[in-house]
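First comes the structure, then the notes that go with it.
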Amino acid sequence: MRERSRRLFHPESDIVTDVITRLKPDSRAASRGLSDLTIRNLFIIPTIAFLIIFNVFPLLYSLWTSFTDFRASTTAPANWIGLANYRELLNDPFIWRNFTITAKYVIISVTGQVVVGFGLAMLLNRAIPFKGLVTTLLLLPMMLSMAVVGLFWKLLYDPSFGIINYFLGLGKFEWLADPQVALWAVAIVDIWMWSPFVMLLSLAGLSAVPKHLYEAAEIDRAGPFYTFFRITLPLVAPILMIAIIFRTMEAFKTFDHAYILSSQPTTELIAIRLYKMAFLEWQTGLSSAFAYIVLIMVVAITNIYVKYLNRAKAR
Amino acid sequence: MRSYACRLLAGAAVLALWAPSANAQELTIFWAEWDPANYLQELVNEYEEETGVMVTVETTPWQDFQTKAFTEFNARGNAYDMIVGDSQWLGAASEGGHYVDLTEFFKEHDLGNVMAPATVKYYAEYPGNSGKFWAIPAEGDAVGWSYRKDWFEDPEEMKAFEAKYGYPLAAPQTWQQLIDIAEFFHRPDENRYGIAIYTDNSYDGLVMGVENALFSYGADLGDYETYEVEGILNSDQAVEALEAYRQLYQYTPPGWSKTFFVENNQAITEGLAAMSMNYFAFFPALVNPATNPNAENTGFFANPAGPDGDQFAALGGQGISIVSYSDNIDEAYKFLEWFIQDDVQKRWAELGGYTAHAKTLESDEFRNATPYNEAFYQTMFKVKDFWAVPEYAELLTAANQRLYPYVVGGEGSAKEVLDALAEDWKETFKKYGRTN
Amino acid sequence: MAEVKTKSEVVMNRVAIVAVFVALIIMLTPIYWIASTAFKPRSLATTVPPTVMFEPTLTPFAKLFVRRSQMREPVEQEVYEAAPWWEKLIYDDGENVVRNRRSGDITPSGYADRYKNSLIISIISTFLAVSMGTLTAYGFSRFKVKGEQDWLFFILSTRMLPPVVVAIPMFLMYRTVGLHDTHLGLIILYTAFNLSFAVWIMKGFIDEIPKEYEEAALVDGYTRLQAFWKIVLPEALTGIAATAVFCFIIAWNEYAFALMMTNRNAQTAPPYIPSQVGSGLPDWSVIAAGAFLFLLPVAIFTFLLRNHLLRGMSFGAIRK
């Protein structure tokens, strides 16, 4: 039900536009300028069209390739092999290990980012000196290129050349060489790099919570936990959920810095395996099938998140 | 109207025919971004002086080199006229129709004898022993070793070593000596370690490292003609070799779990290790005092021999091929004719390129030009390579998956690992119809 | 109305300040390390143990912009004397400069060109993504759209596939259309994948702005467009600032497509900066210098927008 706004006859309106708008079937005679419908279409259609043009071809191409044995390094024709690629992948224990490793990684990384990012936002959402400068400084980790981050963190983690062991007095502790620690080491880099993202969005959400709600709660003698869980969190939840959705999607796609940091079997994320399959082994058909399996998974997970988001918005 | 249209068409045709001639004066060679590419650019500038044809060496970082090259091939792009491709690409590129068949060129210029035989076999010929050639060996390379001469020549050390092991301390000639010396110099409390080896399993680092042990112990990766791996890859010698490599890993600096040419050179420049394996292509950086504070004290030796006296090293290096989608194939041929001349190859070596030209390699001038050239010359006649079939990367992936946990993590035994790998490879070869 | 700060609030503030300080140290140490490495001479960049105190030098920056090669013989005295200070730095550090054969000029390294490309491509694509994204978000937020949730999910899904998979078809598409190695090609590409992001974030912010404001404006005689321009946009400024910062960062640092879709003409800086690694001995200080300089525009851009990023949205009595 679109709410129609009631318009009064405005003395400065152009008689001509008045007549024209009167003839428009959709708008009330009183609205001037473009109709809501036109605006809606003008605002939405270009974006949608643009995205469709851009994504349709690659998506269809990959889908088609996933049913063939195509290899992009040769000129040999692609043969239709149906679901063979999918079967090969789902029967490969190494692939399943990639999935579990990535799942573990996503959970560690996104949780870390949210805890650190949101925590920082809570800290910054007060009257502290130089807030603007501090916020910009805290955003710096996010501003570096992934490849640079990977290269330098590899150096930082090195027991001989790196400052982490040096400053923390950890001696010869092996971050990247130890198979169990390596995944955490990669996740730490991710958390370091992307908590600012969550922080910024949370901060924007937090600073939008009306002060009078807090004042009312204080008058009512509400404790900090009550204030947080009943007032703050629900109001920030929509923006926070969006941040979580995007970070989760990106975490599944993690490649650049993980590839540079570690090549342990225990840190082989999906995107790394996918890259090797597609660009080192040139098994284009197989990698497309792999990508679609991952896509289905991500779609399913994101769907759940979006439902949460909508629930958070409905309050 | 008709005559007008005809004239228009004629004009357009003239323009169309005319325009390409402007491009014919330029050639593009694609290579990875490293010093040899800089040297090549200097060399081809001389070609421009002679002929007026401008040649540009376009580069991209090593990790992206293969991706960019094959994506361009797949799109049948003409961005590159020639490419200095890895030896492993021969199968994929020739079967994919991306390289121009240079067999005639080879026969015409007798390149089989002009270039060192090992280089011809591995950089140019595919399939093995087929007599078909696809690249001109351009940059010869193999794995060699650098070491800290000053540590080795210290009288105290020499005394202690001889006392413990019963023979004088010197650059190792056998793998057993290599292991002994690594053990001797491994002193974690002093922040000094025995050895630096390749362990990067994201592509071919680890496998190349293991190959050095494998080949010298008398084992092989398989039969390159019949694609049989059983009994060869997991032979007793192979098991011994892999165990030796694992032992060496124990003497590496901490955190040595993803190392390739960068880290291994750093092991010497930062004084971390007594010995370090690396491709000869990266040794110039070690003799330059500006990049290596220990340059004066850095010596080199070829990959040692195994217990049975076999001595081989893993092959690196690239050959220059003509891309079949190039618009300037004739011009490229002319360039190659210039490139293979004796004096040009000599000049190439002078500038720093690792020529594969047999006569230049054998010359005293070359062998004495740098501290490592002698080792290089010896090695280039004793090299072996990995599989060059189009599916080589899948073979690499399987090898990485099996070898890495054992070498770096100590999981399983060498026999188990090699048996499992032989199974993996057998399956891959069956998948591609190489065996039944 | 005077704000009375309770004692506990003051204490909490102090605790928060300390906590923020600690967080700053943890988050910024790696960045500080990169920045300080950028001013180290080559020999000090990777030492065992790491070098914390040193005398800064501008040599890495000089090297960054010049194409260099190994020094095989010492440089001639006259050439050295005649060289400007930055060139001398390079010779002092043991490297030679590559000169253009014909003109004798020093060959630039390509960093400056790529930096310029990055600026052009990122600024334009960010502007496009944010504008289109805001408009679309408004459309979805305020108007009824059939299958709205599905369209929004579709927009979200454009970011779900890893670039690896999309790379080959995109490459082929671009080659066919002639967008390969062009500025326009990358601009379109970056706009496309920042759009999904921009739409979702902006919708999140616009949804929070009460519709009552616009309704009131419309009653007062504003058109829908005017209400959008005068009422909604200012309220959404925080969202726009945040979106602009993120989109710029994503476009600025994008690596995979910049590598695949461009060559000499339009390549941006990210694929280039790590490329110093590979000559057998990477010059870490030059890489750090390249990364440091590359960080500056983003940092400055964010700093300029900081007030907009922190400005909350002002709500009057209308808030439910």
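For clarity, chains are labelled A, B and C in written order, and residue numbers in each chain start from 1.
Quick note on the criterion: a contact is a pair of C-beta atoms (placed from the backbone, for glycine too) under 8 Å apart; a residue touches a chain by one contact, two chains touch by 3 or more.
Listed by chain with UniProt protein names: C = Carbohydrate ABC transporter permease.
Since the model is a prediction, treat every value here as computed from it, not as a measurement.
Here the chain-to-chain distance from subunit A to subunit C, counted in touching steps, is 1.
When every chain is reduced to the mean of its C-alpha atoms, the one closest to the centre of the whole protein set is C.
Of all chains, A has its CA centroid at the greatest distance from the CA centroid of subunit B.
Subunit A and subunit C, compared by their mean Cα positions, are separated by 16 Å. If you average the CA atoms of subunit B and of subunit C, the two centres end up 37 Å from each other.
With centres taken as mean Cα positions, subunit B sits 40 Å from subunit A. Within subunit B, residues 67, 71, 74, 191, 266, 270, 272 each touch two or more of the remaining chains. In subunit C, the positions touching at least two other chains are 46-48, 167-168, 172, 271, 274, 277.
In subunit A, the positions touching at least two other chains are 72, 160-161, 279.
Residues of subunit B touching subunit C in their complex: 32-35, 38-39, 42, 45, 48-49, 58-62, 64, 67-68, 71, 74-75, 77, 79, 191, 261-262, 265-266, 269-272, 278, 281-286, 288-293, 352.
Chain contact summary for the complex, subunit C toward subunit B: residues 42-43, 46-48, 69-72, 93-95, 98, 101, 167-168, 171-172, 175, 180, 259-260, 263-264, 271, 274-275, 277-282.
Note for the complex: subunit B touches subunit A at residues 66-67, 70-71, 73-74, 92-93, 95-98, 188, 191, 200-203, 253-258, 266, 270, 272, 390-391, 393-394, 396-397, 400-401, 404-405, 408-409. Taken together, the subunit A residues at the contact with subunit B in this complex read 71-76, 94, 154, 157-161, 172, 174-177, 179, 182, 259, 261-265, 272, 276, 279-283. Residues 12-13, 16-17, 19-20, 23-24, 27-31, 33-34, 37, 46-50, 52, 132-133, 135-136, 138-140, 142-145, 149, 151, 153-170, 172-173, 188-189, 191-192, 195-197, 199-201, 204-205, 207-208, 211, 215, 218-219, 221, 223-226, 228, 238-239, 242, 245-246, 249, 252-253, 255-256, 270-271, 273-274, 277, 284, 287-288, 291, 294-295, 298-299, 302-303, 306-307, 309-313, 315, 319 of subunit C touch subunit A in their complex.
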